[in-house]
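Heads up, the next two complexes both have chain A, just with different partners, chain B and then chain C.
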Partner chain A sequence: MSAPTTDRPAALEAEVAVPATGDGPDDRPGLSERLSVSAAEHRVGIAWSVAIVVLAAAMIAAGMDVGAMLVNGLGAGAIYAMVALGIALVYRATRVLNFAQGELGTMPAFIVVLILLGGDLEGFVDPAQVSFGRLLALAGLAVVIGAVLAVAVNLFVIQRLADSSPVTSLVATAGVALLLIGVQVVAFDLQSRTFPQFFSGSVHLLGLRFPSHTLVVASVLVVASVLLVGLFRTQLGVALLASAQDPFAAELHGVSARAMSSLAWGIAGGLAALGGVLGAGVFEGITPGLMTSTFLIPAFTAAVLGGISSPAGAVVGGLLLGQVSAAANTATVGLGISVPNAPTLAAFVVLLLVMAFRPLGLLGKEA
Partner chain B sequence: MSATTVRPSAAPRDLSVGAPVAGDEIAWRPSTTGIAARVAVLALGLGALGVLPLIVAPLTRNVLATTAVYGMVAISLNVLVGYTGQVSLGHSAFLGVGAFGAGFVLTQLALPWFAAVVVAVALGIAIAGLLGVVALRVRGLYLALVTLALAVFAERVLFGIEPLTGGGGGQTAVRPTWASADLAYAYVCFGGLALAWLLDWRLTASKAGRAIRALRDSERVAASWGIDVTRYKLLAFVTSGAIAGLAGALFASITEIVSPITFNFMLSLSFLMMVVVGGIGSRIGVVLGAALYTALPYLLDAADGRYRWFPVDGSASQVVGALLLLLVLVRFPGGLAQLSAPLIRWCSFKPARARRTGATPTAGGGNDVRP
Partner chain C sequence: MRATNSMRVLAVPLVLALTLLACGQKPGVHVTGGPLAQGASAGSTVGAERGSVAEDGTVLEPGTEEDAVLAEGELGVGEPGADESAAVADTGAGGGTDADSGTSDQSAGPGASAAPASEGQSAGGGGARTPQGSDRTGVTDTSITLAIHAPVTGAAPLPSTSFEKSRDLYWRWVTEGKGEKVLGREKVEVIFADDRYDPNSAIQVCRNLAAKAFLLMGGGGTDQIQACGRRMGQERVPYFSAGVTETGLEGNPWYFAASMTYKQQTELLAQYVKKNFPGKKVGAIVTQTPNFNDAVAGWEAAVKRHGLPYTTTHRHPKGDTTWYSTLSADLEKKGAEVVFILTSPLDYIRFAQTAEADFQYVGVGVSKGLNDVLRSGCPHVGKGTFFSPFPALETAGKLDPDFQKAASKFGVAADDIAWAIWGASKLQHAAFKAYEKTFGNDLTREDFRAIVEASGRVSTGVYPDVNYRPDNHFGGTGVHVLKADCGSKKYKDAGTFKTGF
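The block that comes next holds the complex of A and B.
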């Protein structure tokens, strides 16, 4: 290589150098620094905390079961968080709002129930008969199917639309969702199938009655979050984050943007599959389009609430939204107001409030 | 007209560097036989469309009425997606508000049919206007999310309020006495489609339409040319809402019962598919898209019944529709309008080939208005 050409990459690199991707995780600001807030934000935070405590006190005073409300909120919120986490990851890596995130979960869940029933969808499966090892294997299979589906969507649709606007990609993922629902309708018929809820029953903890399923969902969320945080500390994870931040600069450092986008989609697909299996367990049933019609919209709201490109925000947003929905439910039932579908109303109001006052979300840094 | 008096918003749209002087296209005329052929083809096409409700099987007349109504919704959605460049996933809510408004006026207030139509249009305008106010603040993906949440909110909360909508059982909406037969009502719906077409045509041909498209390309530049951003953006939303409200009133009486489950937010996705597959920004394209998607289940059923080798029946229409959407997005971004552009241009007395190809249309930006 001649002298002038060896100079060029260096010059380019200097132009697009991204400080944060320099030397791995050590260069990133510490947790306390990242969570540090200005005085004004601090006051807003205190105001919110006071408001929430007052509200909770009022609900207890009105004779509502706040403990049960918290538990219900956790059960729904953990699944919102799981789906929202996938949405945030995909958004961060490819700037695509993934409408198919729900269906990437329903599809593996259908395949799991098909295997459990030995191909006969009319049947019924007794959760007690399934050994724990088989359960783990099935969950693993679901994750793999979800990941493969998601990577296929990325490679065959999203990457081909890489140059078009984010809205085109949104329409494309909506098309993928409709396609997956259509396939389910053709393959499994438009009717509800029973889906076993493994770990039924409940556990008493801290004076509250937790359904076992809620605990399972919450622990899966915790494990997934810990694994993700761990991933972001490895070289691969840093490459993923770098590629999301600036694909061009990352490619100059030898990171394949295409591979990284597939990695993000694959993780999101796995999360979607976990969400699908656990979400179908909540309803103890599965229909085509289940996750899209039940969990997708709250998950979008949760992702926006937390800051759409922030995985941590998605988890926080999901858990918060779960509590808000449960509170809306408890409050309307407790006060005897007949509002159809109070949780949906609450989610809509939350979304409008976030859009109006803090479009970046709670933990978001960039739109 | 002297060059100095041409306002930017009134300037011919083909004016660009290197292009021949505007007005060139007007100077082109087909030969006398060419004109005769075009007139004959147009008359045949319109005539065929006109007698279509008469010649189809009686049970299919309601399908034709639905197709016309979905065509109106597609035109309405195209005003937003094609001209303002903002995606709405809330058109199921627009349609539902119109339908339930009409049902409420017809059944609960027992007012005549025209009053119901007026109320439906007013409600459509109101909800679209509200969304327009939101659209002044947020755009793009965020606006899409807000509209999606609006659709879900309308489906599960608003349309579930018993005293207004009859709850899960639905609201009856009788047809006007002069059009109570399926055949007459199909013609009423065709009339509605024609009205929406006319409104859309006048909008795109006027200063307002050009201003709206200028906003889509760049709000800042448009504002610098003296275009009132707030006013024209709201105008686009209001027009879209009015057409959707009218479509809702017509939709209500096709089956004479309006139930909340119809206005699922998935319906909004179907409308978006119609517009994208038909060709964003093209009036005739989106109507063709609407016709294709409404007829698809029936076409597949018919093909399945007739040919033994045909692999799928009507239940697979969603798979076929979604595959079509993905195919169009990845391979033919202009949709049906692009594929049939030479024919459409020929029919509209223009040279068969466009003189200048514009930017590739996409769901976000979109080409300028095509015939």
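The block that comes next holds the complex of A and C.
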């Protein structure tokens, strides 16, 4: 893997810092136009904020437990955000929509189960017998496995399709997901297996009851987000962005596009593994294809909602989606009404609204 | 420009996502009926056979009782011929009586309850009557092919390969283990297919299976069973399942519930709750599908009848994973201690794991009484008590010793799914024996259907007795009660063949 040379970053930063808003410099809007767009965005943002406050006030007035709703939304949204973060990272760095992101997490989680079972697949994992330290060590191992797996997918599948259309790569990642699900079925059988949480039970904070696992997931999400933000401020991160933006130009500056691609996939694989371990912990159980069947679609929705090329947007989108789903559940229960698939309906209404006003997502930018 | 391209590209993954969710099928768990095109072709063949029925002059005159029950043109009932009706009448006097007389001996082994098999009749051998039907799909001179479908992959599967492994255990025991023939045939083959927990997928799967198999059996999943049951009614294929919904299946002459429907069971469940949890507040969690509306209506009516203190019935969105906390908290807030839960096993486990309250779960589902639920759901589901069409595995040795012997002989795990299929197969065997007595070995779907619906009370010793009538194919008469035991991670019997509490 070739690293960026030390005499290049200044030039690279200059290139990366220039936002490409169109096909060429001449396409860039003028200052007044940009100010107008900015003002319009602010108005939309204010309208959204007011709508959310009014909605929350109405729910409180109707006697709904908004605090519990926020906690429930955080529990679901944090996992969505974790998966969406990996999707956004890979997309930003390689322009590939990775449908294998879920299974790059389920697979390492199954390896954790295998180790906990001591290789005896007829056995049973008793979550109460798994210590925090052991699970932490295994989670670390899972991250490594996830990263290696993702890099392998990149090298043996994605890189070989470098010259093909984005749709081809997308379909290839879906194929990888199916392959991994098949491997899980063959290796671990079609049965649900118990999976431990780092902490079980719940804790009271700010007058709210938080499931301990939700706090763990939220904490890991915060740490992962901070590390990623930090990464993009380093030379390595800048090289990563540069190679995503213009691989040819990046190569001319001594950045190996292949290495940067593998780096992005490796980080995304590690995030996927974390998501797998934490996602399996949500319901204390794991089945083949768990992350794909349970979390991938909401995570993709979250990534689009936040801006598919924005890791920060993925986190915001995931958390927002969790809150929207929780709000839909709380509202239907509180009002005693029956709306078919209210959480999904609400999520897609919000997605459509966001797309209508911000086609690139909440935090998405032209890349 | 790039943004537009991005949005176009994003449209593809959303479509692909839906496809991906429907995928993940286990290798070897496949639709043996071949591709869809083959199913369509087979459907044409069946149609041609029906045509011949009509040409033979066996078409029933309109205005039959079945026509009155069913929407016109919805199901394949326009053609049960006058002769078929006659066959019913004859069976009622003959085979039906024999079958009835056999029901008292539940311990005499497989099929003992039905009329005894005719000795030495070869395929096409004579019975008291000549078959009037012509659809012999899945029947050859040497074998009969049956089919089972169940969700083993998909959004909320029954995560087990036991369906595939144990699908033909009973029939192998009868033909290979005991050396008996079934309707003069030496072999009964059973094919299995995964319906992926999706009604649309299930319909395709069932169409393909129906092109190869004589009859179909639904192994689990109400929506899939209902979809397939309706479709098989249109295609005039005998279809069996444990009792689930009545919606859309009522009046379907080709559908047979092998146990009480959920709606029928709710009366017994209300009695059970009143007796075992007196004074405790009751609530309900039910999946939001129209196919559970009849069960909910039956449950709420039964609750009112028995004066149970009731909180509310929550319907949860199907295929969503964000509702558990909200609904469990609301039930807890309203003081519910006993929760009637009618969901997929996966949703039940997740709900129990998420709920802070230690609810007493009760229910009528078929699949929540499977030991796999305890294996992955304990200790959270340790207080579950469910009605079931089949008794606990611990009782299998007592009710039918052949089951353990067969499992041992053929190297199949003697688990509860195998036990459930064993019981259902015994019911079908009883029907085949009744058929043999009336029609000999020339097996047709039309005549088989007529025999089953007129068979009267049939006992298998595994499922509670069934008592079909031409105007009622929901023939279940009782339930077994299974109580969770997280120590052994197996359900224990808390009552067998119960008809009241």
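We adopt the following convention: the second predicted complex is superposed on the first by the 307 of 367 C-alpha atoms of A that agree within 3 Å, B and C clash if a C-alpha of one lies under 4 Å from a C-alpha of the other, contacts with A are read in each partner's own complex, and residues count from 1 in each chain.
As a working rule, a residue touches a chain if its C-beta (ideal position, glycine included) is under 8 Å from a C-beta of that chain, and two chains touch if they have at least 3 such contacts.
Everything numeric in this text was worked out from a predicted model, so none of it was measured.
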| item | value |
| --- | --- |
| Simultaneous placement of chain C and chain B on chain A, clash or fit | clash |
| Partner chain in contact with A:Gly306 - chain B first, chain C second, else both or neither | neither |
| Broader residue contact with chain A after superposition on the shared chain, chain B or chain C | C |
| Contacts of A:Ala172 with chain B and chain C, given as first, second, both or neither | first |
| First, second, both or neither for A:Leu360, with chain B first and chain C second | second |
| First (chain B), second (chain C), both or neither touched by A:Ser202 | second |
| Which superposed partner A:Thr287 touches (first chain B, second chain C, both, neither) | second |
| Which of chain B and chain C A:Gly317 touches, first, second, both or neither | neither |
| Contacts of A:Ala76 with chain B and chain C, given as first, second, both or neither | second |
| First (chain B), second (chain C), both or neither touched by A:Ser325 | second |
| Which superposed partner A:Leu351 touches (first chain B, second chain C, both, neither) | first |
| Chain C clash site on chain B (candidates 145-153, 325-333 or 343-351) | 145-153 |
| Where chain A meets both chain C and chain B, residue numbers | 97, 166-167, 170-171, 174, 177-178, 181-182, 185-186, 190, 289, 292-293, 297, 300, 304, 340-341, 344, 359, 367 |
| Parts of chain C lying in touch with chain A, wherever the complex brings them together | 1-3, 6-7, 9-10, 12-14, 16-17, 19-21, 23-24, 26-27, 152-155, 157, 159-161, 288, 312, 314-315, 317-323, 325-327, 329-330, 333, 346, 349-350, 353-354, 356, 372, 375-377, 380, 489 |
| Chain B residues touching chain A - in the complex, by the definition given at the top | 87, 134, 137-138, 140-142, 144-146, 148-150, 152-153, 156-157, 160-161, 167, 264-266, 269, 272-273, 276, 312, 315-323, 325-326, 329-330, 333, 362-365 |
| Chain A residues touching chain C - in the complex, by the definition given at the top | 22-23, 65, 68-69, 71-73, 75-76, 97, 99, 124, 166-167, 170-171, 174, 177-178, 181-182, 185-186, 189-194, 202, 209, 211, 283-285, 287-289, 292-294, 296-297, 300, 304, 308-309, 322, 325-326, 329-330, 333, 336, 338, 340-344, 359-360, 366-367 |
| Interface residues, chain A side, partner chain B - complex | 97, 157, 160-161, 164-168, 170-172, 174-179, 181-183, 185-186, 190, 289, 292-293, 297, 300-301, 304, 339-341, 344-345, 347-348, 351-352, 355-356, 359, 367 |
